[in-house]
Structure formats: structure tokens, C-alpha cells
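As written, the chains take the letters A, B, C and D, and residue 1 is the first residue of each chain.
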Amino acid sequence: MSTDLNLVLVMLANLAMLGSSRLSACIRLSAAQGILLSLLPLQLELAEHKLAPRLALFALTILVLKGVVFPALLMRTLRTADVRHEVVPMVGYVSSLIFGVIVLCFSFWVSSRLILPHPAPSPLVLPLALSTILIGLFLIISRKTALMQVVGYLVLENGIFIFGVALANKTPLLVEMGVLLDVFVAVFVMGIAIFHINREFDHIDVNQLTSLKD
Amino acid sequence: MEWLLVAVAVLVASGLMAVVMTSFPRLSTFWGAVGGGAGCAIGLFAVVRVLWSGKVESLRWGWDVPYGSFSLELDPLSGFFAIPILVLSGLAAIYGSRYVAVFWDRKSVGELWFFFNLLVAGMLIVVLARNGMLFLVAWEVMSLAAFFLITFEHEKQEVRDAGKTFLIATHLGTAFLLTMFVLLGAESGSLDFADFANSPSTVSADLLFLLALVGFGTKAGLMPLHVWLPEAYPVAPSYVSAVMSGAMSKLGIYGLLRVLMFLSDVQPWWGWLLIGAGAISGILGILSALGQSDLKRLLAYSSIENIGIISMGMGLGVLGTSSQNPVLMVLGFAGALFHVINHAIFKGLLFLGAGVVFQATETCDLDRLGGLLKRMPWTGSAILIGSVAIAGLPPLNGFASEFVLYRACFNREGLLAALSTSIPCVAVIGSLALIGGLAAFAFVRVFGIAFLGEPRTPHAAGARSPNDRMSLPILLLAAGCIAIGLLSPLVFEKILPVVAQITHYELAMIESPAARASVPLSVVARVGCALFLLAGGLALVRRWLLSGREVAVSGTWGCGYSRSTPRIQYTASSFAQPAIGFFAPFFRTYTKLRAPRGLFPQSASLATENTDLSTDLIYHPLFGAVGRLLGKLRWLQQGRVHMYVLYVGCTILALMIWYVSMELPPADASMSGTVVERSP
Amino acid sequence: MIVPALILVPLCAGLLAFWWRADGPRRALLVLTALVHSGLTVAAWVQWNNNLHSSAPIAILPGTWLALDAAGLLFLSTVSALFLGCAIYGVGYLGREKHQPHIDYEEHLFFSNEPEAVFTGCLLLFLASMTLVCTSQNFGLLWVGVEATTLASAPLIYFHRQHRSLEATWKYLLICSVGIALALLGNFLLAVATSDPRGPTTGLFITDLVQNPGKLHAPWLKAAFLFFLVGYGTKMGLAPMHTWLPDAHSESPSVVSALLSGALLNCAFLGILRAHQVCVAAGVEDFSQGLLRVFGLGSMAIAAVFILGQVDFKRMLAYSSVEHMGILSLGVGLGGRGAFGAGLHAMNHSLTKACLFLVAGNILAAYETKVVKDVHGVRRLLPLSGILWIGGFMSITGAPPFGTFLSEFTILKAALDQGRPIVAVLYLALLAVIFIGMAGIVLPMAQGEPSAALYESRRREAILSTLPPAVFCLAVLAVGLYLPPTMTAMLDEVSVALGGN
Amino acid sequence: MEVATLLPLAVTLIMSPLLLGVINRTKAMVGGRKGPPLLQPYYDLIKLLGKGAVYSRTTTWVFRAGPIVSLAGCVLAATLVPLGGCESLIKFHGDLILLAYLLGLGRLCTVLAALDTGSPFEGMGASREAMFSALAESAFLLGLAALARNTGATSLTQMHAALADGAWSVSGLTLALVTVALLVVFLAENSRIPVDDPNTHLELTMIHEVMVLDHGGPDFAFILYGASIKLWVLGALIINLVLAPSAGESVADLGVALAGMLILAVLVGLIESTMARLRMPRVPQLLVGATALSGLALVLEFGGIGK
């Protein structure tokens, strides 16, 4: 599987998430995205015909965290919260899909201007990373349940990862592990928070959490 | 100079002592008042010693804050302003030692003394400071101390409001001063005054002057920057009002004069502006005073009027400087400075007197007073002297300074000179004349309603003479009014070195123009003496005429109305009515009338309230508009986390679009591989 | 070995605190850790002072992952000092909060507090993560530290387990996580900017980047700065990304608010400063300074909007933090002496704001309301807190003789000296509006008479709850009257690193 | 000190009550009555000086000091005014200011004494007097400023001397305006019709007269005498302006001036006989009108049109 195909699949997952109302489906899609992501560093290195053990460890960690642990955590939260569908979202599913397309165009425009200092492994890296990031942001903004916001956060994180892995692949392992640890704890803490929200309010619709305002 | 530092140290230490002792009000008062008095005495001694020797003493220590240095200097201008500060504060401390007794059982007086002494110390440092940073710090310490003194009785709503107005006004004023000092020091990079003078700023002097005028004018109380003043003075303890009005607001004048010394390129329009602002302050100030029935509020407005007179004097001086007209310059500045001293004396006197009235009758409302002169003959007489002095009538000190200002105008180099000079002179003459007449009106009203006639309420009827510690300062100040009035030529002589310093002229150079005023002043002083002698003589004549004849005592002739009560007397509002009615456009009078109704009307009442013109016309609409404008943005924080993330997203998106489209040209070959080469 | 110890001590103590059952020893551990941390910080100061003129960062871990340079030490000192004060205050606070359940005074529902062990543990981990931020010399590690501060502090905000604090916690978590994720992208963009296809990458070490700016790719560096600015700016509270800040500050316990506002925001600012430092070294400081100025003034304006007529005094303090973060970024954005002023102001603001939040906690405890118009007569009811409330207000609004005056004045001077009159006018006007707004809130609270019932049931103020804010307030006052030469030297160095002079 | 300088003062002190006699006599004659003798004011003064006194128990020393200080102020004011070629006793640059303020002091004392009685009517009169004189003061000083600008002199004596050189033919317009303004001030300050009616019998409409209701005996004599001096002093200013000394011989000039004073008195009598008193709210307008005239004179001077 080539890098390009991988990236396109990631993008398709994004679009699927934009169009899906089922929370469990979205979580699964994010898991799939995580698995695709874990393949990315391997593909890039294999293209250069070398495979460092450090990289294998890194890929494995990503696979475990993004592909298994995070979705599991979220699914567990989903079960406790007993919510299946996203409540009517802020932006409808069709409009979301249209937005996804616009974002893709925007990303290509940006990457046409922002010239990389050295050739990228694939011309799709920059635009697709960018659009994944923006779609993650969009999911957070447009979906009402707290769980979908975490999923959005994960998509955002994934987009950043695509960028990091593909373009800035020489960051030290210590940092990468630290970043992953942080993301893990973040998802964990958010899960706990959702658990508390569900217990306190009997719903996880964060659109109703508006008692603090001016 | 060391003695002045000792004075500051004594003031601060005794203030702290008073705070420590605050559980024992008597001890606390003792420490505060004795320390305050002693500090002022030591300071006065030091100032007089230095001024007498004719030298300029200075001191410069390092001070580890950015742009700061602990530079002090005692030159004629500083000394000139230090003297009224110290004298008035010292007397106020004596007075206060008794005045605060009413607070002993319900408030902590330690705080009061601490801030009072801090206020005095701050004022002293302000006039001595020769570094912008030191000046600003002392200036704010002074203002904050004043704030705490004003809000001492913060249980009352009006006190809180006044404190807030004061704090905001002084803070905004300081903002202008900050800017001014920064611009003054922009060239030299230092905030030492010496450097301001040596390396003149490249910034336009006009801007600097305007900044100084607004910043210092706020403290002085020039209209329309005066709004805090009629709020703050009435609510502060009286001796604090006396110090604030007599000394603290003068520091605005001091600051303006000091800054004028740094500005080389003096423009005529500054003078016009000063005269215009002064005339407006003077006329509207005294008119507003006429509209007040609260004694202390009235005195506050009268302070604005006097600041206006001082400002007109400075305006003449500036005009003289810019047009190389030594007579106008010298007499204008000299008149302004003379009035500074005089106002400190009689306004201090009147505020202390108002405190006596307040403590004796529990009210400052003129319409609830009356007949006080019988009940406190000495204090009342002293207040009469103060009232005549503030009305600017001979032979007292108020006339002397106004005469110098008139003399600056009625002159071959003033009124009779070219149009650009004579028109401002006419403005000054006309304003001074109107102000003089209205001031006489206003203070006749004060004294006549409050002290003469019959008491209008039982409180006023039960008033007693104050304690000696309260009446002594008042009597001393009254003596000062007479003495300065009769010795005006001598005082005028002492002002000349200060004028020389302000105008950068040699003393010898300014003596000949000064003589134009000093000779008539001595005649005026002699006429004053003659007035006393003549009046004394006439009194003797009357005594001789009446000796052996019947001198009967009876009731006042009621014009046939036989059952008169004290309430039938003319009231303060009715007394002021002709002026209020005539100058109605300058008043915002709110009338609350409960008209008599029906066949058997039970009660009726009429209450009028005059609000401040500039508050109503400028500040309320302005602040209201800003508040409404900003209020429209409050929906931003509407509580939805989605919106919040949207803000983040939009920000980064907007920045990216801006960056990509503005900063980066469309991709072409030349762009790729642009690498910044920069040596470390 | 000071630097690793600085992180490890609170980290271990925090992990220990999670498992320690007994309250007394755990509180002692909290204070002890704070003391040790402060002691280490003082030691770092001594060491820094000794090689003042060598200008090399001290106590370097191999590979320069962790080190203390002037900026790091400056921010670390405020963190450490604040934490010590808050730990002492916290002992008293936790003692007061021990009883269960509590009644929410807005919704009148019962709620319980978080277990104290979790709270204490998170507090210590929070310290560890902030220390990590201050000491890290690598952008990646810095990011890890900043994200860790978010995660460690989220449970702190949710100390009172009731609806509003939960809402605040969620907003805090989500918004800050999104923001910091953007900063991570900034890291990668920076990596792209530094990467040289012909050789090994520099690994995003700050010293490397600053000392060898030779091969920095300007467009990518600028793009990286954008993301750093928005990312860390979210955490720092720059408008319009500040939105979590008033909620979190108003709903968390005051001791936490003090730390969030005084220490955490500075740490996030340090992230932006590091990026700015690289921009300066690469010679594109015009770009970063312009953005910092815009966001600085914007934050001040937004803060002014919400301070004017604010009804909740803790929210007012939170918005005031937004304002001061704006001042900091404006100061740095002005360059020149402005950077010096910003460094000084960061310190002054932290101390003052911590004082104010702790005092706000005292007021809240006594009056049981955060509504401004229900609070009167603090000076009567809580004499010392009342004085500190007014003193803190004067300090936070930059009145002489407080240290904040010096720093705000320096920034004003920088603006005028650089020939930016419009910036100066806006700066002064916004400061004035905010002053008016705060005066209208703070003064009526401090002055006047408390209700009779409150006054009858008043108690003596506890020394634990008044001493720390008093010390903070006095410290700011002292700085305003005397700025020690060592500190001036340190600020000078910070200023030079940030493109000032 | 020359004897000549004492002359105006002596004439003022001696002859001032006569003016009142002339005014009253004129009014009587116009009204078709015989009227009191010309010297009646002197008789009144002597009578009053010979009487005892009655003081209200409300009053204080201010009430007793009022007439004395007021008279002293008026006498000293008289020393500042030249008359008919004779220089004044005291002359210096800016003496006109002292003159205005001395008269102001006298007025202040009268007003205070009135308020001291606690009588509502006297308070009313006091209020009006204070208000009107405040307005009159600016008209007066501005008028004198115009004169000063015209003559280039800053003391009354110098102005008087400068006017002698046929100033009327050069700048008649200015001088005429100032004369009218001063005349209004003269009438207002001395409580004459159309500002005030000294003969009214309704306290509510009085101004000056109602203020002195409670004074009697020597005090009242002092007040009456002071008022007559004031009448003379202000009148003398107008006469100095209108009848510039031309003979060069002081005695002749003095004679002309005295004749002028008498004519002025007759003129006042005629005004009082032919005009009604203005309504109270109109009075300030009259005074502002006078101020405007003074201002106009100044403007003319500035524009050089008056010359």
C-alpha cells in the first residue's frame, strides 16, 4: 500500500465521520484512522529501504494507543453514557460533507503557497494533514455530545500526527513518546470527565452546559 | 535638605506609630498629630532656612528602579509651594487632633493619621522631586493617601461615590502625566529633570503642554476636569479638605509651572488656553458655588474658581513669555503665585471653619444654620475675615493678589499694547470683575445665612464654641489673611525669585517690571491701614455720640409682621435665586416641587438641586456611550464551548489565510528554497 | 543537579500524596515539597548570580534537555514562590473544607469535594509539570510539559464536585487541548523549518536554534510561530482564545485560581516566548512582534469589555488576567525596553493576582457569594483581607508605588520610544477603562457595612489565609520601591533574548 | 502734599449730601410740588447723629460694624477720585481697581449688616443688591478698561488729565458709550430709578432702602452719608469724563466740575421723574446691557474706530 493510498483512506475516514450520526461508527472510524496512521512511518521508512527498531517501537505504540486503547476507552464511556446517536448536530450531515470538501480545497490552496524546504514524501501529505486537522476542529465545533468532541480531538491529533510523521520525522523519540503519553492521559481524563458529566447531568450534550457566561 | 528628609521620616514614622496604636484612639491621635505637627515644623524650618540663605540645595541618590533616581532639590519654586503645604498641614494636624475625637468610639483613627501624614509627606516629596519616576510615585502616593482620607467614612454611599470619582479622575490624570514624562525623557533616555532641561525633547512642545495641562489640571481642578473635586471635598474630614484644597490641588499648579520651565518654545496660544480655561473655571466655578446649599460643596466649587484665577495669571505669564513682554510675564506669574498662597490661607481657614460648623451643628446645609456668630464669636469672626478675603476685597490678602493680576492687565504693556496682548487682558479684567462680584455674593450668602440672623434649627441654636485646638488654627489663618493683606509688598518681594526661576530671567532683570506692581501694592497696603484706622475712628465717634444716650435693644423690625419665626428668614436658596435665575443656562437645576393641593393643604415642599454641568453634559454621556459600546460585545462569552473552540479555529484559520495570502506570494520558482542566512 | 531535582521532588511527592491516607502528614508533605522547591529555586538563583556574566544556562542535563536560563529562572521563581504561598494557604483551606457534604450556594444542592489526596497529588504534579515547562530547553519537551499542566490541573478545577465546576473543567480541558494540539503542529512546522535535507536535524533544542539560526526557513518559521501563538495563546488566555479562563478561574477553589492565573498562564507565555526567541534569532522578529502587539491589545480590549460591569468578582479577576497577558505580549511585541517591562510585569502580575485570588477566596468563604453586589464592607468584616483587596486592586491597575507601575510604565515608555503613539494611546485608554471597571467593582465591595448577621458571626481571620496574600502584596510593593540589581540584570538578559535591549 | 490734592476730597465730604437735596428738589419741582429744602439731607444727618440707637437682639457686632466700614470705604474711595483739574489725594497705577473694590467692600458690609437682622425683607434686599452690584462691577471695570485703552493711562488722575486734550473730538463714540455705561452703573449702584426707587413704600420692591430698615441714629447717619459720598464719587467719574478740564486753571475747572455735578443731580432728578422703576427681572438685563456697551467701547477701541 502506497503512502498516497494510505492518506486518501485517512481522508475518506474523515468524510465518513462527517457524514455519520452513529457514535460507535465514528469511534470505529477513528480507530481505523489510528491503524492507518501507525502504518505511515513504516511506509515512509520502507520507501527509503531501512527500518530502525526505534521506528518500529514508535509505530507499535501508535497502533496500540490509537487503534486499540483510545477506541476502547471511548466505547466504554459510550456504554456508560448510553448514548447512541449524536443529538441533532449544529451543522447537518450534508453540510458537514460539503464543508469537508471546501476544507480540502482550502488545504490544497495553502499547500500551493507554503513551499516545503525539502521535497515531501508525497504531495498529498501537507493538504491532507491540514484538512484532517481542520475537520477535527470542525467536528468539535459542530457536534453536541462530549464524546464526539473527543473523537474530533482525536481526528485533530491524527492530522497533526500525519504532518509530524511525514514531514518532521526526525523528532527525538523521547518527545514523541511524551506526546503520546500526554494524548493518552488527555483522552483518559476527558473520558473521566464525560463519565462525571453523564452522572451529574444525565446527558453528555455539552451544548446544554451554558451556565457559565457573561 | 537632610532636615527635610528628617521631616518626611518623622511624618511616615508617626503615621505608622498611629496605626500601631490604633486600638488606643487617644494615643494614636497623639502620635499622629504630634508627628504631623512636628514633621511640618521641621520641614518648615528646613525650607525657610534654605530659602533664607538664597541657595539651592540638592541631593541625589541612586534608586534601583527603571529610570529612577532619588533626586531632590529645594529651589525657590519648590520652597514656595512647600511653605503653604507645611503651614496648612501643620495647622490642620493641630485642628485634627481635636476634630477626630468624634471618631474615637466608632472608627480606627490610626488609619486616618497614617494617611494624613503620608499625604503630607507625599506632597513634600512631590515638590522636591527632580526625577520623573520619583515624582510620579510621590504623586500617586499622595493621591492614594488622599483617596483613603476621602473614603474614611465609607459607610456612607455618597462617600463611596466621591472616592470612586476621585480615584478615577486622579488615575486618568496620571495617565496623561505618564505620557508627558515619557515624552519629555524620550530624547535623553533618563527621567531626571536636569536632563529634560538639557536635552529638549523632539516631541512637539504643544503636545507636552497639553498633556501637562490635562494631567495637572485634573489635580488642580480646572474646568471641565474638576468633577471629582465637588464630590470629594465635602465628604472628607474637614481638615483633610482644607489640606487638599489649600495644598494638594496647588500641586497641579506647581507641576504645570515646573513643566513650563522645561519647554523652551512657549507658544502664545498656551496662554490663551490657560486664560480661557481659567475664565471658564472661575466664572462657572463661582456660579456653581452660588447654586450649592452645602457649605463644603460650595467651598469646593469656590476652589475651582480660585484655581481659575490662578490659571488666568499663569496664562498672562505664558503670554508674556511668548511675546517677550516682561511686565505681563512677571506680573502674571507673580499674581498667580501670590494667589496660590492666599487661597491656601483663606480656603484652609474656611474649610476648617466648615468643620467647626459641622461638628457644632451636625450639618453643613446652609438652610439649617443661622445665628452662629453669636454662639462662636471668635471662630465666626475669623470666618468672616476669610469670607471677605476670598471675595477679594481690600484690605485683606485676596485683594492683593487679584490686584497684581489686574495690574498686569491695566498696563502699558498689557491692555494698552498690541491686540494680541490686550484682548486676553480684557478677558482677564472682565472675568476677574465678574468673579469678584459673584464671589462677594457667594460668600455674603455663606456668612450671612449661616452665621448671622437667627438659628433656623435647634441644632444650630445649640451650637457651641469649638475647642481651642480647633479654633486656634482658624484664628491664626485669619491673622494671616490680615497680615498678608497689609504686608503685601513684602510678600510680593519674596515671590520675585520664584518668578525669576520660572521665567529663566535674572532676578535683577525682573525687578523693574515688578516695581510696577509693588509700588501701588504698598499704597494699597497703606490704604488698607487707613481703612482700619478710619473705621476705628468712626467707631470711637459713634461711641462718643451714643455715650449718655439711650441705646435700646428690641426685636428686629418685621415690617409690621409681628409673629415672625426664624423660619421666615431668607434662605440660602432664595438668596441665590436672582443669580441662579439669571444664569439659568449654566445650571442644571432639578426641582422637586410638592405643591399645595386641595382646600386644606397639609404640607408642601420645594427642593432644588443643582448638578454639575460638565458631569451632565460631558462625562455621563461619554462614559455611557463607551459602556454601551463595549456592552455590545458581551455576547462573545455566551457559554457554549462550541463557540469557544470556533473562536480558536477561526483565529488560526484567519491567521493562516492572512499569512498565506499576504506574506507569501503565489508559488513560483523563485520562492522555493528561500533560506534565511543569518550569522549568530 | 538542581534542575532535575526541581522536577523530581514534586513529581515523587505528588505520586506519594495519591496513596497517602492521613491528612496531616500529607498536608505537611505539600508544604515541605513547596519549601524544598523554593529552596532549590533559591539555590538556582545563587548559582545564576555567581556566573552572572558568563550568560550560560545553568545545571544542564546531558543533551541540554533541561536547563535554566534567565527567562526560565524568572518564571520558575514566580511559580515556586506562588506555590509556596498557595501551599501554606491551601493547608488552611483544606482544613476548612474538610467537612462533607457542602451546599452549593448558587444552586443550593449538596455536593462533596474531591478526595483530598487526589487534590494534593494533582497540585504537586501540577508543580512538577510547570517546573518542566520552565526548565525545558526543547520545544517538544516544552509541549509535553504544557499539556501536562492542563491534565494535572483539570482535577484541581473540579475540586468542588458540582455542576458549574464540572462545566468549567470540561471547557478547560477541551479548549486547552485543542489549543495545545495546534501548538504541537507548531512544533512540527518548526521542525520542517529547521530540517535540512542534507544533514541531521537539530532536534528542536532552543539553544541550538538560537545560536545557529543559519538554516532556518523563514516562511515555515513564521507559520510555526502562528501556531505557537494561537496554541500556547489559548493556554495563556490571549483573546479570543481566552474563553475557558473566566470559567475555570471562577469555579475552581481560589488557591487553584491563584496558581492558574499567576503561574500557569506565565508558563504558557513562556512557550510563546521561546518561539519568539527563535524568531528573533532568525531575524524575523518584526513578524512575531507585530502579531504579539495585535493580540496584546486585542486581549486588553476584550478584557475591558468584560470587566466593565462584571457581576462576579472572581470572573473579574480572571478577565484581569486576560488583560495582563495582553500587556505581557504587548510588551514583548514592542521590543526595546518593552521586553524588560514584560518580564518584570509577568512577575508583578503573578504575585498580585495570586494575592487577589487568595483574598477573593477569603471573601468567598466569609460571604458565601461571588456576586459583587452582595458583598459589602470587607474592610469591616475582614480587616486585613479588605486592605489587601484594595491594595491588590491598586497594584493590579498599576498604581505607584507598586511594582506593576514600573513595568506598565516601562512598556508605555517602550511604545512611545518606538514611535508608536497609537499603540500607546490604545494601551492607556484600555488601562483606563479597565481601571474604571475594576474600581466600580472592588471599591464597593471593600467599603461600606457588611450585613448585621454577617458582622455578628464574624471570626478572626486565620493567619494561614492572610499571610500568603499579604506577603505577595508586600513583595510587589517592595519591587516597586526597590528593584534589586540582580533582578535587573536577569530581566536585562531576558530582554536581550527576546529582542529587546 | 499740595493743598490742591486735598480739595476734591474736601469738596466731596462737604458737598455730597447736597446732591441728594438737588435730586429731591428737582423731582418735587417736576412733580409740581415745592419740595424739601436743598439742605434737607444735612438736616437729616444732624438730626440722626443726635439720636440714640435701637439694636435688634438678633444682631451681632457685624451689624454695628457695617455702617462704619461702609462709610470708611466710601471716604477712602473719595480720596482716589480727581475732580475738575484737581488731582486726587491718592493716585497710583491701577487705583481705579482699588476704587471699585473699596466700594464693593462698603456694599458687602451693608449687605452683611442687613442679613444680621434676620429679617426676611432685608435678606431679600441684600440678595438683590449683591446680585446687581456683581453685574455692575464688570460693566464698571470694562468701561474703565475702555477708557484706559483710549487714554493710555492707568490711573484715574492720568485718565482725567489725558481726556483734557480734546479727547471727545477724537474718539467721541467710545467716550459716549462709556459714559452711558457709567451712567447706568451710577444709577444702579446708588439705587436710583430705573433700578431702584428710593421713595417706594413697599418693602417687597425695595432694594437698598429695605436693607437699612433696622438702622437708626448715628448708624443710619453713617449709612446715609456713605451713600451720598458714593453718589458723589461715581458721579464725579462721569463728570470727569464728560467735562474735561480745559481752562488749565484748577479753580475754574473745579467750578465747572461742581456745576457739572449739580447738573448731573438735576439730570438724575429728571430721570426719576419721567421714568418708572424697571421690573426686578429686567434690572440684570439693563446691567448686562451696560456691560455690553463697555465691551462695545472696547471693541471700537481695538478696531481703532472710536478714534
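As a working rule, a contact is a pair of C-beta atoms (placed from the backbone, for glycine too) under 8 Å apart; a residue touches a chain by one contact, two chains touch by 3 or more.
Owing to the predicted nature of the structure, the values given are computational and were not obtained by experimental measurement.
Comparing chain C-alpha centroids with the centroid of the full set of protein C-alpha atoms picks out B as the closest. Among all pairs of chains, B-D has the largest number of C-beta pairs in contact.
Centre-to-centre, using mean CA coordinates, chain A is 68 Å away from chain B. Inter-chain spacing, taken between the CA centroids of chain B and chain C, is 42 Å.
A straight line joining the Cα centres of chain C and chain D is 77 Å long.
Centre-to-centre separation between chain A and chain C, using Cα means, comes to 30 Å. Contact of a single residue of chain C with at least two other chains is seen at positions 170-171, 174, 178, 217, 219, 223, 246, 306.
Shown for chain B are the residues that touch two or more other chains, namely 634, 637, 641, 645, 648-649, 656, 664, 675. Residue positions 114-115, 117, 137, 140, 149, 206, 209, 211-212, 214 of chain A are each in touch with at least two other chains.
Viewed as a contact network, the protein chains fit none of the simple shapes, being neither a path, a ring, a star nor fully connected. Annotation, chain-chain contacts: A-B, A-C, B-C, B-D (touch as defined at the top). Within the complex formed with chain C, the residues of chain B that make contact are 63-67, 133, 136-137, 139-141, 144, 151, 154-155, 157, 159-160, 163-164, 167-168, 171-172, 175, 178-179, 182-183, 185-186, 623, 626-627, 630-631, 633-634, 636-637, 641, 643-645, 647-652, 655-656, 659, 663-664, 674-680. Residue ranges of chain A in contact with chain C, taken from their complex: 114-119, 133, 137, 140, 146, 149, 153, 156-157, 160, 163-164, 167-168, 170-172, 174-176, 178-179, 181-183, 185-186, 189-190, 193, 196-197, 200-201, 206, 209, 211-212, 214.
For chain B in complex with chain D, the residues that touch the partner chain are 370-371, 373-374, 377, 381, 384, 388, 391-394, 399, 403, 406-407, 409-412, 415-416, 419, 422-423, 426, 429-430, 432-434, 436-438, 440-441, 444-445, 447-449, 452-454, 516, 519-520, 523-524, 527, 530-531, 534-535, 538-539, 541-542, 545-546, 549-559, 564, 566, 568-570, 574-579, 581-582. Per the touch definition, chain C reaches chain A in the complex via residues 65, 138, 140-141, 143-144, 147-148, 150-151, 154-155, 158, 161-164, 166-171, 173-174, 177-178, 181, 184-185, 187-189, 191-193, 195-197, 200-201, 203-204, 217, 219-220, 223, 246-247, 250-251, 306, 310, 315.
Those residues of chain A lying in contact with chain B across their complex are 90, 109-110, 112-115, 117, 134, 137-138, 140-142, 144, 149, 206-207, 209-214.
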